[in-house]
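See the structures that follow.
One chain, subunit A, links the two complexes that follow: it is found with subunit B in the first and with subunit C in the second.
Showing the complex of A and B:
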């Protein structure tokens, strides 16, 4: 222990001898690491798998079942109500849910000012499929229309001031709904069930409403809907249900390859039958995309984010290179002291201990610097691209990764130069 | 205690080969005070560095206390340096921002001595060189002669049996040089073997033995007669 303090003291003296180059080394390294880390966090979060046990079991079926002629094209990314009904017949999936999103206003009573909320309009399997945690209450008993909603924890706290609110009533767009459940803290990152149009970058919704009620009450989709006939998208309850108004995302859970194969066949048969019945003219082009692949399928992977990640990596490499150059100079100017210590009987492992302590000290300073710079960078990115703030969170794992990376870079920066210094010719400096 | 047989050392750079030492044979006995003289560039420092195991050699053998140092691993050589050998340099080689005390402590640290034992040895060494009052000074606050005495204290604090001094008075004026010489003689009288490089003929004469190197070869080893040694 006493010896460790001694090594620290020696390190400290050698820093004090030339503080500027040392500070510059630490600064350059911190800058490279900080910028890299803040960007890598973002990249890592964007590409992380929110449901590792399930991401290869949840599938997004898209039917080429539209009233227009199209050879060589992809099926629409969203389904019509009637197409979902056709898919819903299948008993192959172990779970299935159709959904879309809408906006609404929520308040406790008419005297309260309304709060704008995002609404996920969906079916009961949604909660089990995407591992949505429930804090209080239950989910809907079935997929029928009902004036029952679930709230996110934050929404319950915001509107009602507490979370244990099951059974209470609320006004959603001035219609009375009963709260049957409150979700626990939940943020699927990325929000892959909603991958089209880069919606997966957004937070999960505040309020959950049964699909049938959404159609009955004419909750218009807040994202994209397309009509392929004379359907009026503003008449959900009628045209929405009967005509080619496409706005529903549909997810099915297919646990085994056999189920997946069977479901593909089922989709193909469905389209063939419909075609035979003269209800659609297009060539078969169904898709069944795994949750894990959904962002890539929709082309939502951002090339600029990738490019940025590469640029910051290069920046880190340049920083390490520069820092190691500075540190090499520092060691070369200290080489005399190495030789002296050797002459006085220090063996290599004792010198190496000293270098290790040097490295530890540098890592500590650099880690602190990098954390500060990464924090600043993250703040800056969040203010430039507010939508991305969800992906900027650090956790213990990421912090550990930063620490390990810092240690590794300090090692590169310290070790090579110091090895050169300690294994170099011993006597030169002392002879004169 | 030191035996060199046909020792050779060659420095190779891309352009030239320098034969710094050729066929050097030398025996130094316990308790000797030997002066090493010779023109500049003749190989004096190289010889001293080899004796101090700071430098390797290319041919021949070097036996210290009857054991060859050839091929010893780094740890063994470091231990040898630390326990048996003390170095004194022309330019003192004190660490500028370490106190006198901390400078003297260096070799004791590397030997792994406990704090109390280190302290006792440092005080003893400081006492001997007469700088006890200056223990907390920085080297820069001392005169050249005092600095060299600190370096001597550092070299002897570990109680080595051999002291290797490379022009220890080269940077000192004559008064200070004489003080340093007297100190070395005192240390020698206590039983420490000393090899000292010097340009000063007076100093060389004061030493019990004068070894001359010219162009990497040993000449006129006044006191030493290998035949006499062997037949004795």
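Showing the complex of A and C:
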């Protein structure tokens, strides 16, 4: 320990002798690491798997069951109610749920000002498929229409001031609904069950309503809906159920490869039967997309973050080169001192130990600087790309990664100078 | 100083020079691509929209009760809102629309000539349902036909007349006159000048407009207001209160000028260009620090050599130029390598974002910027070198 303090003392003296080059080295390395880390945070979190145990078991089936002919089209990214009904016949999936999102206004009573809320209109298996935690109450007994809803914990607290509110009634768009459940804290990031059109960047919804009630009460999709015939958007209860009005996402849980293969075959048979019955003219273009691949399938990956990742990596490299350059100059300036120590009997391992302590000290300063710069850079990125703000959070894993990266970069920066100082010709170094 | 001697001088510091060259090449590559991206974003923001951007306000709003989202209450609400806004001093014209212009995406559909469906089809054309003053608010020039003066329901027995933009008319009717012809949405009543509709649409200037009551406002609707050029701010400040007084059962999502709306349309590109510019500035700073440190260290290490040169008759100016020349040579070599790096980076970036390819004059401009920065950075160490006395040479003896 005494020896360590000695090394630290020597390092400190060395820094004090020429503080500016040292500060510049630390600053440049901190800049490179900070900028790289802030973007890496977004990149890492946007590409993280919110359901690592299930993401290879949940699938989004898409069919080309549309009343127009297209030979090389992808199937629509959302399904019609009637197409979902045809898929729903299958008993192969362990769980299945159709869903879409809508907007609404929630209040306790007519005299209260309305609170805008996002509504997920779905079926009961949604909660088990996406591991949605329940704090109070229960979910719907079946998939029938009912005037019952579930609230997120934050919404219950915001509207009613507490979470134990099961059985109470609320007005959602002037219709009376009974609260049957309140969710626990839950934020699925990225929100992969709603990936089209970059919706996966948004937070999960405030209110959960049965799918059939959503159609009965004419809740239109707030994200993506399209018609391929003369369906009227204002008549969801009738046209929405019978015509080619597409607005539903549909997820199935297929636990084994055998189930997945069977479901693919089921989809193929369905399309063939429908075509034979003259209900659609297009060739089969079925898709069964895994949850973890859904963003890529819809082409929704964040190009800006990706482009900036390339550039920040380049910047980190430049910073490492620059810091190495400065570090080399610093060591060359101190070379006489190193050589003198070698001449007076210090062996190479002792010098290497001294340089390792130097590196440790530099890593500490750099880590602190990088964290500050990364924080500022994250704030800046949030203000320039506000849509990504949910992905700005740091966790222990990310901080550890930054620390390891800082150590590695500091090691790279001091590696060549230390080798040159320890292994150069002593005579030559003393003469210089 | 002859070029080969400069090369020789650089060769004496192989590692340091190599590190500097790599940095300069990468800085050059990033700087060049940042300029390209910034240039592209600027062009996007400056492209003609065909709209009065500064003095047009867009209010996006939605009734908070179901009753107000349906006729007849909705019709009454719209009439009252339009009347109230017209009384605000500085308002020239006001209209409602199911959606505003200058959006990423929105309500759109196919427009085609029913007689030549496949050949004439324009996909994903923004479909506007508006009040008659829409054309006046956006100052859209009528190129042919007459604008509809009364609202006719889109889903009525008689089809509501359609107004289309010039580029859409040319696409659907193959550059032939469109007025009086039929598209799948109704008979064409007029053709108006192009304006920017939706970014994700097939072509940004394709637009189809029908003067009709709003079908429904579950997705909200827009009020478009043109003001006199000096009263936009005042009108904007008054709008929330005016609309709340008409009916408080509404949610106002935003009030923006169309200029702000256009900025938002390219906010992602603007964000990336800003970040790259900031990063380029940092890289230039880092390169300047490197050049400074390199020149300063070189001066300190070679004081005796410089002293000897001075003793042998080299002027201060020559020493100064010599040191600068060394850095200029390094920068020039870095720029040559940087062109290759810039090409690679451009190709890599083009795989993820839309970025123009390199042109011939941009590398020259970037090289000039880099040379300027390096010159500024080495100026002080070069000045120090000129202060070295010829007497320093005697210390070597």
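Heads up, the rule we're going with is that the second predicted complex is superposed on the first by the 427 of 432 C-alpha atoms of A that agree within 3 Å, B and C clash if a C-alpha of one lies under 4 Å from a C-alpha of the other, contacts with A are read in each partner's own complex, and residues count from 1 in each chain.
Here, a contact is a pair of C-beta atoms (placed from the backbone, for glycine too) under 8 Å apart; a residue touches a chain by one contact, two chains touch by 3 or more.
Just so we're clear, the structure is a prediction, and the values are computed from it rather than from any experiment.
Quick one: is A:16 in contact with subunit B, with subunit C, with both, or with neither? Answer first, second, both or neither.
first
More residues of subunit A are touched by which chain, subunit B or subunit C?
C
Which of the two partners, first being subunit B and second being subunit C, lies in contact with A:237: first, second, both, or neither?
neither
Which of the two partners, first being subunit B and second being subunit C, lies in contact with A:348: first, second, both, or neither?
In the superposition, A:348 contacts subunit B only.
A:4 in the overlay: touching subunit B, subunit C, both, or neither? Say first, second, both or neither.
After superposition on chain A, A:4 lies in contact with neither partner.
May I ask you to decide whether A:332 touches subunit B, subunit C, both, or neither, giving the answer as first, second, both or neither?
In the superposed model, A:332 contacts subunit C only, not subunit B.
Quick one: is A:380 in contact with subunit B, with subunit C, with both, or with neither? Answer first, second, both or neither.
After superposing on A, A:380 lies in contact with subunit C but is clear of subunit B.
Would you tell me the residues on subunit A in contact with subunit B in one complex that are also in contact with subunit C in the other?
none
Could you list, by residue number, the parts of subunit A that touch subunit C in their complex?
It comes out as residues 21, 24, 28, 31, 35, 105, 114, 116, 173-175, 218, 220, 222, 232-234, 303-304, 306-308, 310-312, 314-315, 317-319, 321-322, 324-326, 328-329, 332-333, 380-381, 384-385, 416.
Okay, in this complex, where on subunit C does subunit A touch?
Touching subunit A from subunit C are residues 15-16, 19-20, 22-23, 26-27, 29-30, 33, 64-67, 155, 215-216, 218-219, 249, 251, 267-268, 270-272, 274-276, 278-279, 282-283, 286-287, 289-290, 293-294, 297, 300-301, 345, 348-349, 352-353.
Considering only the defined contacts, which subunit A positions touch subunit B in the complex?
2-3, 6, 13, 16-17, 336-337, 339-350, 426-427, 430-432
Using the touch definition up top, name the residues of subunit B that touch subunit A in the complex.
45, 49, 52, 54-55, 74-75, 77-79, 81-83, 85, 87, 89-91, 93, 95, 97-98, 106-107, 109-111, 115, 154, 158, 166
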